[in-house]
Amino acid sequence: MTVFAPELAVSRWFNAARPLSLAGLRGKTVVLHAFQMLCPGCVMHALPQTERLHRLFMNHPGVAVIGLHTVFEHHAAMTPVSLEAFIHEYRLSFPIGVDQASDNEAIPVTMRRFGMRGTPTTIIIDPAGRIVEHAFGQEEDLALGVLLGSLIARAPMPDAISASDAGCAEGACPAPTGEAA
Amino acid sequence: MTVFAPELAVSRWFNAARPLSLAGLRGKTVVLHAFQMLCPGCVMHALPQTERLHRLFMNHPGVAVIGLHTVFEHHAAMTPVSLEAFIHEYRLSFPIGVDQASDNEAIPVTMRRFGMRGTPTTIIIDPAGRIVEHAFGQEEDLALGVLLGSLIARAPMPDAISASDAGCAEGACPAPTGEAA
Amino acid sequence: MTVFAPELAVSRWFNAARPLSLAGLRGKTVVLHAFQMLCPGCVMHALPQTERLHRLFMNHPGVAVIGLHTVFEHHAAMTPVSLEAFIHEYRLSFPIGVDQASDNEAIPVTMRRFGMRGTPTTIIIDPAGRIVEHAFGQEEDLALGVLLGSLIARAPMPDAISASDAGCAEGACPAPTGEAA
Amino acid sequence: MTVFAPELAVSRWFNAARPLSLAGLRGKTVVLHAFQMLCPGCVMHALPQTERLHRLFMNHPGVAVIGLHTVFEHHAAMTPVSLEAFIHEYRLSFPIGVDQASDNEAIPVTMRRFGMRGTPTTIIIDPAGRIVEHAFGQEEDLALGVLLGSLIARAPMPDAISASDAGCAEGACPAPTGEAA
């Protein structure tokens, strides 16, 4: 069954020169890592892994690594102000979006759209926008690497790389121009 | 040179049935662990170590293990509300005090009194109230264990254990009666 | 520069129903891990990694994971008798060949043929028999996984899988019938 | 129940200028670590821990850290020749004795005398020669450190330190003169 990834709903970005969107990243393999800054399994395992992934693919035009702060509990404790200090102290360098709070429930909008079960969650989206991996919990480096390597090798290289996409200025990889914000 | 420990200045306690004070803990060997909830070296190493220490000495009448949240940066990001969620998510069970904010500087009151250089800091106070160890950075389990075991063995056992001191109700060790709050 | 892998020279196999050869494994991606049983970097890092790789690809018809015991020092201490006990105690389940001792030097025959610099060494050979990776020292799981996943995805699947190849009886993956020993 | 430690029966010493004996070490707290070079729990955990202990107490006149190679299986695989290379490759610097093989059973003589259940085993002997700890399996650094620190603090300091005892020449701590070999 093919499942296309819904769009991100993000209220604020860190480590990004401009807002990112999955529509704007079409053509790339996207690793979307959902976490909470007070989730021990994220802090001890999944976030360092995502940072390693980001550094590995930093200059790869066909891969984007994105974090998503999906706060579904302790909302007052994990505000954007706290997240900003957390990102600074843990030296996270990949783009991180704050999942948009819902008006009527604890679970934020993107988390609900994707049907995530909790944090950490790792979702991989292929260049055509299809969800090819959706895993809740901790992933092993080796198995995740093999899966990613395989997906990337099968993906066509992006046709053209726009100017804004070619560089990773300010330590972050901005999306191609023309994307929806 | 003998240095006596100054008193704690704490604005709020977690995991404690009532406020603790070093005066009230006189007669015990006290391990005071100063940390910040967004300090990676604390989260990855020093806090799990302090939790192990707490569990090891939970029922030992001559030892108290105490945490102190010494926020000296990112004050808006590490409020008591955030700390409370952090303590809950990381399952910390030892008493933790919030170091009292200073009126005129970033460094909080107790941190200044002890002359701490940063976090994590481990301070050991003997039963007479003297500072016998003051270490900034990460400590090895083995060396810290040997030092503590040695100090405890040399210390006289507390003369009398008051009723309130004998138990560790609610997962925390209340101080002996008569202590200053 | 294309470098074709020379053939293995192995005096004894463990965890293999019959002798393996690179010629017989043509058509598969081969991970060749060279180690010594008394090399700490192998024991602590590279051998557990190779075991994880083996378990990950156990049922994959296009991948073979092989160990090679390349003793180039302490020859009397690392005999096949010692190796056999080592393999048993460390629960290694992938096929392991003993690199054939040289008549006139400390370095064994296969190690010399490949120009290996020491242990651990990880060599990856593509289905056409070309060396596509030759690394001395410890490899990170994530980067190794990405490389392998990418190579495997690009490789054509083996045309036909012989009966002897389909199963991994006795905890090991026998080579296809017809291979040269 | 007080249990006095039986004497060691050792066929060969490594990292020792002369043979050691428990009789010769009377007056010191002795940490006796029994291991096998092909025991993964020893290699991964207990031997690095013993090395750390040795370095911690290297210059402490009241403590001796000793290894004992208690081969009770795979005898042909764990000969003194193999052990010597193992000690060299793993950079073990504490004195290590080879437990004397038994004439009529797989379990060596010292292992039988102490009633050890397997490897790793950690035995602590107080200055009077009494066994105060006998643990089979892996020990946590913190708890082991506290126990050792406590025992050492309670022990009287050795009355006199002989010349041969004062130094740790050749990377090992020879026993006091007058000891039985």
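The chains carry the letters A, B, C and D, assigned in the order they are written, with residues numbered from 1 in each.
Convention: contacts are C-beta pairs under 8 Å (C-beta built on N, C-alpha and C of every residue); 3 or more make two chains touch, one makes a residue touch a chain.
Quick caveat, the model's predicted, so the values are computed rather than measured.
Note: the chain lying farthest from chain C is B, by mean C-alpha position. Chain A and chain D have CA centres that are 52 Å apart. Centre-to-centre, using mean CA coordinates, chain A is 38 Å away from chain B. Looking at chain A, no residue sits in touch with two or more other chains. Of all possible chain pairs, those that touch are A-B, A-C, B-D, C-D.
Against chain B, the residues of chain A that register as touching in their complex are 38-40, 43-44, 73-74, 76-78, 81-82, 84-86, 88-90. In the complex of the two chains, the chain A residues touching chain C come out as 49, 52-53, 56, 140-154.
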